[in-house]
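Chain lettering (A, B, C and D) follows the sequence in which the chains are written, and residue indices restart at 1 in each chain.
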Amino acid sequence: MNMYLMQEYLTEPAAQPLFGDAQWFAALLAFESALAESQAECGLIPETAARDIVRACEAVVPLDHAIFVTQARQSGALGVALVAPLKRWLSHNAPEALSWLHWGTTTQDAVDTAHAMLTRDALGALLAEIDALCEPLQAMARQHAATPMLARSLMQPAQVTSFGFKCAQTLASLRRSQAQLRELSSSALCVQLGGAVGNRASLGDAGVAVESAMARRLHLHAAGYAWHTQRDGWMRLGMEVAVCSGTLAKLAKDWALMSQCEVGEISEASRGSTSSAMPHKRNPVHCMQAIAQTQPVPHIASLLLSCMPQAHERALGEWQAEVAHWASLWQHTLAACRSLGLAAKGLQVHVGRMQANVDVLQQLVFSEGFVHVLSPCIGEVQAAALVAGMSEQALAQSTPLGALLLQWMEAAPSIEAAQKPPLRDALQQAADLNVAVRSSARACHELLKECAHCND
Amino acid sequence: MNMYLMQEYLTEPAAQPLFGDAQWFAALLAFESALAESQAECGLIPETAARDIVRACEAVVPLDHAIFVTQARQSGALGVALVAPLKRWLSHNAPEALSWLHWGTTTQDAVDTAHAMLTRDALGALLAEIDALCEPLQAMARQHAATPMLARSLMQPAQVTSFGFKCAQTLASLRRSQAQLRELSSSALCVQLGGAVGNRASLGDAGVAVESAMARRLHLHAAGYAWHTQRDGWMRLGMEVAVCSGTLAKLAKDWALMSQCEVGEISEASRGSTSSAMPHKRNPVHCMQAIAQTQPVPHIASLLLSCMPQAHERALGEWQAEVAHWASLWQHTLAACRSLGLAAKGLQVHVGRMQANVDVLQQLVFSEGFVHVLSPCIGEVQAAALVAGMSEQALAQSTPLGALLLQWMEAAPSIEAAQKPPLRDALQQAADLNVAVRSSARACHELLKECAHCND
Amino acid sequence: MNMYLMQEYLTEPAAQPLFGDAQWFAALLAFESALAESQAECGLIPETAARDIVRACEAVVPLDHAIFVTQARQSGALGVALVAPLKRWLSHNAPEALSWLHWGTTTQDAVDTAHAMLTRDALGALLAEIDALCEPLQAMARQHAATPMLARSLMQPAQVTSFGFKCAQTLASLRRSQAQLRELSSSALCVQLGGAVGNRASLGDAGVAVESAMARRLHLHAAGYAWHTQRDGWMRLGMEVAVCSGTLAKLAKDWALMSQCEVGEISEASRGSTSSAMPHKRNPVHCMQAIAQTQPVPHIASLLLSCMPQAHERALGEWQAEVAHWASLWQHTLAACRSLGLAAKGLQVHVGRMQANVDVLQQLVFSEGFVHVLSPCIGEVQAAALVAGMSEQALAQSTPLGALLLQWMEAAPSIEAAQKPPLRDALQQAADLNVAVRSSARACHELLKECAHCND
Amino acid sequence: MNMYLMQEYLTEPAAQPLFGDAQWFAALLAFESALAESQAECGLIPETAARDIVRACEAVVPLDHAIFVTQARQSGALGVALVAPLKRWLSHNAPEALSWLHWGTTTQDAVDTAHAMLTRDALGALLAEIDALCEPLQAMARQHAATPMLARSLMQPAQVTSFGFKCAQTLASLRRSQAQLRELSSSALCVQLGGAVGNRASLGDAGVAVESAMARRLHLHAAGYAWHTQRDGWMRLGMEVAVCSGTLAKLAKDWALMSQCEVGEISEASRGSTSSAMPHKRNPVHCMQAIAQTQPVPHIASLLLSCMPQAHERALGEWQAEVAHWASLWQHTLAACRSLGLAAKGLQVHVGRMQANVDVLQQLVFSEGFVHVLSPCIGEVQAAALVAGMSEQALAQSTPLGALLLQWMEAAPSIEAAQKPPLRDALQQAADLNVAVRSSARACHELLKECAHCND
């Protein structure tokens, strides 16, 4: 797929071309070959005709792009442009095969089937890119399962979590997407074979047999029916790509926030200057790419869904629009995944800064636990008010909240002397970072275990 | 859910209120009760505290809407508004339970869990509405499996199909959506239990046990982890609703087109005048409603997907926006399904007009077959040109295309006499409507069989 | 802009390349030249440096695409890739100019300014395409101002209108879009000049002067301020393109409906077969293209709007995503307009069929008027009921509704003899097609007059 | 407009109800009154009929919500439900006026006109909310025009700007939106008067006169034509609301980022605890609300744009969907504006922290200037490399970059002694924060001046 200059720099190049002209032409011709061979196998057309059609499909390569587009424009139908050079070759070389070419099918059969083939490749690429991102995520989840860092809710300090647990959550989400993508592929990556109006009229009783033979040849699945205008199976796969993109966008946002100079908890591998004006600039370029690439995805999903009402037996525009935009869903998600994979691979994790960002908060992150410890003694409302008030004091005086509460407790006349030692212990335990981080470590390991099963 | 006047008339009222204030309040309180009971069951909090909290949850009903909203606005957190009246009741009646109220959880736990409960009801309602639409669709598919009608591609006459097959295709798609909705519910309709930052810190080792106990009590599933900011499972269910809505939109579009006066193949049950000015007006009101209701769904899907990048351990706005718009996805799809169910139930199928719309085309719908019959004799290119030319003539002269071709064939010097009798038979067979409709009938029955399995 | 195969056949090629790599490179280099010249003009940099930079910009053409993209990827900044070859040339040929190259600016200044230049060309192309569509629309509006045709509401027969009026309404809407596009261009097609962070720090007091000089050189406007992260002016222009696309989509939908075989009121110029299987097929290919091209536009508009929250002084991803998708808004709208222009130019208007579609309704289209005539005599409720009942009879008996009503009236004992003659006249006038079409003709001419002013 | 519980807490209540049932009913009845009065004024209907219709409109208040909805559902047409009670009243009290009720109009005339009236109120409210936000923005722009703070690009430290300039940029953008909203209102807030099919057939020559008279009575504008299915003027206003929402979203994002604990440059006015679990929590609740409210707006814009292709003379679903969702565009934008207005009014600006965030960067923010100063002496490439290298050193050693460069320069053998004093001065000036902030202050004042003109 040719890329626009303004999109091209927002991604590393793919390992293989996807949805390119050459791939399209090859898949369209593969459809015609497989159709003829399968029809011959089922006794619908002569073996010789099938052989001639296969030869024609080989002979016309490479298709002339300009002629193809001109004919497709003229007719509005890619099938017309596809069979034209085949017809020309056959009329010269095997005219008796002519009437079996593209027989019993329609433009949409060829295009949807080819599209399923190209999408299968894109799916393979996406699964691989997710693997490439999951590998460093998993490594970091293991390594940092108990590395304390600030947990933030509503973009404000909340409590303590671990960097590993954050990684594991994204990892688990990506693994679920992989499982779902695989699961859905069998009902989405199917041969399309409906004939002119979806009822396989020309194929008689042999429709299902031809479909199966084609699926075998083209390494696709057989739905058992035509899906010309019932796009639910196809759309389901697309929507899972969009969901996966949402997970990637969340990761990119978190890392962008953690990369802020004022937060400083991670940084992307150094790449020299990233500014045309400011030599000191170090931008999180991979995060930028991932954000730029995931930004369009919900809107493309919406576009594809809005194409679903396809009138009668073939749409006037909606199907064509769906085909025109399907690839971009994959391209953007692939690109985002690739950028984040590169970011993850080179990620510098600043453990000291993570710790410092917790420490500077003077144990405010333990406020929930402090309240819980104090409530039985002084009442829940009073405990919450006390902790809220002392929280401000702790920040103002740069003194740990726990210390202030201990000090208050020791002096509090309302608390009996006998209560004080256990209360002291409880407050100290509530302020224990190790305890706090333990639950994140446990949650992290549970997710890692679950992900291990995903891979089975 | 209170409905806007301009939306309210676009749907029949639901059998039960969904996402209403009362449902929300009940579900939120059920969360607090189930939490306390489950924590007590797991030995985390005293049995008496749990009992008191349950009593409090009963005692505060009905919650005061205005106070609730004011407190939620003030704090930005629904949890604050939820626990306030419970705290008030407990401080008067069971102050020692106060510190166990809402313990170890956060606003998002309560809201997401309650939302899952409300969504379970909406899912039940949607499955039932789909059933109510599928029933007449299935009946029509059976009855009209071999009722010939024009198949149209690009909104132009193509070939012949059957009305039953058209119904069966939508039916099969809806059944697939039902199966998928059921399948996804186990990973989407889950208790949310993460505590302040998703690591279940307060619950220690008992997190999974409490989650399971709550799931049992609330008739939800247990994911085994918190999904505060990893929304993929939840989103997957939403996207399936959007896909289902696409299928409904396709049906509404088809029926709107078939209802056009100039097409006249179906009409909705009569309902008296549908115009404030024109007494003769008979509008397809249910189709109008279904189109109006499915129109927003792709855009709501896009909105929900765009909320997925939820920063850190709780989003600043994106989560709240997701919760605010999730219900409308269901409401619109439910309403569209209900309107189409009513349309289907009362649908008048004008079989004569279907036949007439085919007949008026003078057998042009068999052009593909005619070409295929003639090609071996006169060459494929010539056959196509001949049929194309005679097609115009057939329409101009109101003479069946088959007759014109027969006439031409009998007179054609280029065709040997011996070839003529079999050619005559082949042309006649190619123009046999019964043959043509047979493939649609077969395809229809195959789908009906598949759907029967779906129901297992 | 390289186009994806699956989009390429959905539009005729543009008269000129828009947003192509070559255009981008030329505009980016033009920015650097104009910047240097303007800074020299304002006395900020030496004249010789400016001349050297201009020479460098000429010397590096053609830029190497692959190297450019690689460097842009590496840095995430197109500016880095842009200045690299210029720096190389200057270090060899005029090293003392080096420190004045790209001085006081940033990547976004170059990219946004170049983008404004490319968009100016796209705007010119769009205005011309709209003209090309408006010309046949206007001719048809004039010619068919009084050509009666069925008006349809909710896709059902309503009353009578004229084909010319339908054309004029779209014409007027397109003219309003043209006027608005022109109006908005002065605040949208502006030089971007903000320096690293939008405050034009390096330019001192000369910021406005440099901006004006650049605007003069590049044939753009000068906003007087940087619009790095305040995209409202730019977005306003984009949203007008989306609105214009909505008007085009409405036209395409109407024409697709009128082109249906069963309606038959218009057809696109014949283009031979448009199907790979069915030689009789005549598809409205231009309408299909226009529908396929306008379908994505609302979603692209949504994507662009969702990019507006650009953090601080340059966005991490949102700006880059906006730039990456802006062109497609224009491409789709241009393509839709072009297809509809071609459709309009060759449109076959079947006046007889329009009349026949009215006639077949047996004057039901006059029901509102009949009621109004009868109400004073027999009461409004009775009149409406009478007309509604007789409407069904008229269709069933293929008798004009007016004749049935006259017949009823003559026999009605409740109507006094003296009332009958004027009532007879009134009923006959209410059934006068000429009267009915006159209002459409008048409305048509009013719009044509308004459009004439638009062109001033 | 009744609000969903999950949306209600995301906004402060509006000063006045907008799009409520009562407003709708009042506006619909006002349409019928004004129509009758204007038709009487133009001599089309008897004065007495007009007076009776006006009386009827007064007499039926309050309309019964349930009956209204039931009748609208039944017919799919709000007009049918609207005239029913009026007809009932008139048949009892003034039967001779019956046939002039709603005469010459249609459901869409009433609904669109009423909608324009409600939208006029919403526009007034939005302009006022923008004013309420602009006031504190302007005050802060003035007060902090020269308050230095870090400028950030790609979410990383770039250079220095001022807090006032940031405020002024948003202010200017909002003022432009206000101007545009006012400008567009005259072509958007128009009487709808087209009759059954948009040609004003019943009104004869008096169409324009009636339209003008109605506009005068209802305080709307007169377009001069019906806009039943040409929605461009209406949509333009909607798209400007969406653009305005984008500006608000950018402000909310900036403030959310600046409110982060680690950045600490601003905070919202204290409001007590904002968490159900953590007493120390201080969330930027107004920013959260604004983000949650602006999030859906691009998607609603997309939905509205996708409704533009309205078939023929009245849409089957698309118009109804547009009407159903138009209000939410306004509600969300109004709510976001209100929340940000409250945030702005109470905003705590931490000038010291702003300064500290600059200082901690050890003059790296001046790197562009340093390179520019050094380039003439040592070459641009070397200067950039030197500054980049020393930037890291400056951070590592907590030493100002300027001091390191001075030190290097003094010791550099490659720089002649005579060059050193001027170089020293230039480096010192390049590191002068006052100089740096001056350009932002100037830019700030220029925008403030421009905004002053906006208000004229």
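Throughout what follows, a residue touches a chain if its C-beta (ideal position, glycine included) is under 8 Å from a C-beta of that chain, and two chains touch if they have at least 3 such contacts.
If you're wondering where the values come from, they're calculated on a predicted model, not measured in any experiment.
Following the contact convention of this document, A, B is the list of chains adjacent to both subunit C and subunit D. Interface comparison, B-C versus A-C: the pair with the greater number of contacting C-beta pairs is A-C. Taking the mean of the C-alpha atoms as each chain's centre, subunit A and subunit C sit 33 Å apart.
Within subunit A, residues 76, 106, 153-155, 158-159, 196, 252, 256-257, 272-275, 277-278, 283-284, 288, 299, 302-303, 306, 316, 368, 371 each touch two or more of the remaining chains.
Per the touch definition, subunit C reaches subunit D in the complex via residues 76, 87, 91, 95-96, 98-99, 101, 103, 106, 151-155, 158-162, 165, 169-170, 172-173, 176-177, 180, 187, 196-205, 207-208, 224-226, 229-233, 235-236, 239-240, 242-247, 249-250, 252-254, 257, 294, 297-299, 301-306, 308-316, 368-369, 371-372, 375-376, 379-381, 383, 436, 439-440, 442-443, 446-447, 450.
In the complex of the two chains, the subunit D residues touching subunit A come out as 153-159, 256-257, 259-263, 272-275, 277-284, 288, 299, 302, 306, 357, 361, 364-365, 367-368, 371, 384-385, 387-388, 391, 401. Interface residues of subunit D, counted against subunit B in their complex, comprise 1-12, 19, 21, 24, 65, 69, 72-83, 102, 105-107, 110, 195-196, 252, 256, 271-278, 283-285, 287-293, 295-296, 298-300, 302-303, 306-307, 316-318, 320-321, 323-325, 327.
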